[in-house]
Amino acid sequence: MTKKKTAKWVHKDLLGLEYLSKEDIELLLDTAESFREILDRKIKKVPALRGKTVVNLFYEPSTRTRVSFEVAAKRLSADVINIAVESSSVKKGETLNDTGRNIEALKADILVVRHNCSGAATMLARNVNISVINAGDGWHEHPTQALLDMFTLRKKLGKLEGLNVSIVGDIAHSRVARSNIWGLTKFGAKVTVCAPKILIPPEIEKMGIKVTDNIDEALSEADAINVLRMQFERDDMKAFPTQLEYFKNFGITEDRLKKAKKNIIVMHPGPINRGVEISSQVADGANSVILEQVTNGIAVRMAVLFWVSQARDKDMKNEITH
Amino acid sequence: MPLKQVFTKEEIERAITRISHEIIENNKGVKGLAIVGIRTRGYVLAERIAKVISNLYGTKLDVGALDITFYRDDLSLVAEQPVIHNTEIDFDIENKNIVLVDDVLYTGRTIRCALDALIDFGRPRTIQLAVLVDRGHRELPIRADYVGKNLPTSQKELVQVKFQEIDNEDSVTIEETGDDKEKDSKMGS
Amino acid sequence: MKLLIKNGRVIDPANKIDDSLDILIEGGKISKVGKSVDARAETVIDAAGKIVMPGIVDMHVHLREPGREDKETVFSGTMAAAKGGVTSVLCMPNTLPSLDSINIIKTLNDIIKKTANVDVFICGAITVGRAGKELINISGLKKEGIIAISDDGASVDSDELMLKALKEAKKEKILVICHSEDKALFGKGLVNRGFTSTRLGLRGIPKESEYKRIGRDIKLAEESGATAHIAHVSCAESVEIIRKAKKKLIRVTAETAPHYFSLSEEDLLDYNTNMKINPPLRTKDDILAIKQGLKDGTIDIIASDHAPHTENEKEIEFEYAEFGNIGLETELAVSITELIGPGVLTWPELIRKMSLDSAMALGIDKGTLGVNKDADITIVSPDKEWIVRKENLVSKSKNSAFIGRKLKGAVEYTIYKGKVIYKA
């Protein structure tokens, strides 16, 4: 039996992977392994968060992440309340902080927030005492997505250290890219980002990564690629060539994969645009782990919910005793 | 603090052998029998019992490992961070006779969690309980079917089981701690 | 009423004084400056161990009145000024409506007369509604008392119109203050463009949007022969352009704000909206360049760019929050902490940049401790440390980027026209 030094988890909130240590991330991934096993049981539920209330506060439409958090919370026996922007008082002009404080007053324990503005989760966490989990804020971070990507990679390849991982797509506007870069580089993985130059944000190489606009170069050494969703409908993309042109130059196709490592792992945070950033053959092919990512996402989010709840309980205990 | 050895390596081995025989006796053989140990030392004990029984019958018994962290009722009370291990029960427990194994039986709360956890895997025909040491002070209506040794203790004492596989020695010791903190800070098995 | 300030270290750059002296004030004016002034005074302030300097002349202040009295008023803003050792302010024209007509200047003058606690000078708009389309009636507004014009918060995009403004200002002998910002390059930016904007996932503001427009404004100043005053210089490139212009003897003055030599974009990493400022906080290298610019005289003036905003406008998502932070109450202490401590400026140099140089740029008879001048005096404990606390701010808005910071140098007294208007 090997004894691994585990991190002392102290984070009441999960705002981004930038702020976590390698040991923190390892604890989350290891815990997710335990939860992953539960998902294969007949009774896919444990009572770890019994009596706790998780509120999903979503300012952006995102069925995928919201449902994943909902399933994760339910598997932990928590009660889940979903607030979408259309159905809440948000539209009536209530500020984000007020909404957060109201949710706190409802005695919720964990607030999962998705917001179109970078920094929204950070601000909320400053203003409420309950746990805040960032489910994606603007272009900033999407920590649970990166954790599930890393979990999937680790499960498939046994480790993260030294892996070559290429992230392809709209890096400039991608919180998934940023969180993956922070997380992977902490483990000594070698990250390359690949996109047309206008979709590379300034000075991103300072995050300790390689930058290229040549897809074949990004693929040649890669043990895994993470293909980002392209959103041609956004304003910033108006200056951009057509979808077809993007696919021609950056799309992940079987032909391109032939030149890559045989067992290259193909990931995608979803939802996928077939024929835009990835071909159907690749998305459904042997190298794709896209659906495994979805399942793993539940386990990872269970781990996050479990540990922030633990930290929050400790906080409350300290408040009472002091 | 004075440390008193209450079980030697040989005594532990004898107790395991006796428990194994009692299990076979009680279940009239090994048909439909499986063993599940509670992480971490209960699982070591379960593997040892399974080995004794397998040696006697020449068949391999199903052995599972159960981590009860997510079932604990004191997660928000304990001071130290829980250590999470994997649960590994890769056989069907439906209609089986399950022997649940732990090293020390104390308040009974760990066993309560383990029962909840186990039942989430299916509906066994019976669940029986085997422990190396029963030290008393139950807080729940739980008793063991197989006991290595009944050990009268005070709540100020700390009973520690060590196994070669984890601790590089086989022993059971009692230590005077001076207060009954142990019960608060630990589920106490 | 006589007031005597004894034993202080009197620093008066206008008269090249830096000595332990006494100052006697009579009838709101300075009547005597010298060694051991022997006079009977109703009030005697012992300033031993303290610095006695001209009251600060802050040429970049948003008082928000009329129109946004929820953010600040002439009264509350000048209270904040008094607490910060500021005895003259130039109020910026981006009010509601803008300070672009004779009527609105009349209204504001009325408010100032009734409620101001220190001298308030008025900066009119350059164009009607600060819309960059049509010049205001400069001579008309000058008669009502404006001493400068600026479209602050916006730059006049049309070269032709800006040139015309500069020429007319020269004729009318009033200062043109340039908010040099190319909106097309600025885009929807929120923070300095670079590693920090990438890290935070926020749209970047390129430095080009500032320094290219400064280049244009200087070129127009050269062409017109008028003086262009460049407001809130924030980056190295701008300093360099101004330095070169000054070498060519082009008439240009420049100002920076305390946050540009004390805070960098890295301080933004927790999305503190009080640090969302325009121009944005730049890099640590830019801080060094600004300090160098102050040291070598490229940057003449330190002004606060006091920009009050309510909590509803600041305690929200970073993207939606207003730009700007308040500075009247902290500008002197931040400057002492960042410039005197590390030896960037001497005391006389710093004091000059916060009083005499701004007064001269504006053409007002302030910023000096000369005999017969207005007795606007600030007395400072140079080594006293204090922490900026939100609850101690007297400005109506509390959006200071320095909340929680420890600063060195505290205002002990502010004297305005011979009266103690603030005492610590």
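As written, the chains take the letters A, B and C, and residue 1 is the first residue of each chain.
Here, a contact is a pair of C-beta atoms (placed from the backbone, for glycine too) under 8 Å apart; a residue touches a chain by one contact, two chains touch by 3 or more.
Everything numeric here is computed off the predicted structure, so don't read it as measured data.
Shared contact partners of chain A and chain B: not a single chain qualifies.
With centres taken as mean C-alpha coordinates, the chain found closest to the middle of all protein C-alpha atoms is A.
Centres computed as Cα averages put chain A at a distance of 39 Å from chain B. In whole angstrom, the spacing between the mean C-alpha positions of chain A and chain C is 45.
Per-chain Cα centroids separate chain B from chain C by 74 Å.
Those residues of chain C in touch with two or more other chains do not exist in this structure.
The touching residues of chain A, when paired with chain B in their complex, are 1, 6, 8-9, 30-31, 33-34, 37-38, 41-43, 45-48, 76, 306, 310, 313, 316-317. Looking at the complex, you find that chain C touches chain A at residues 193-195, 197-202, 204, 270-271, 273, 312, 315-320. Partner chain A is touched in their complex by these residues of chain B: 40, 67, 69-71, 75-77, 81-88, 116-117, 120-122, 165-166.
Across the interface of their complex, chain C is touched by residues 18, 95-97, 115, 117-120, 122-123, 126-127, 137-141, 175, 178, 201-204, 206-207 of chain A.
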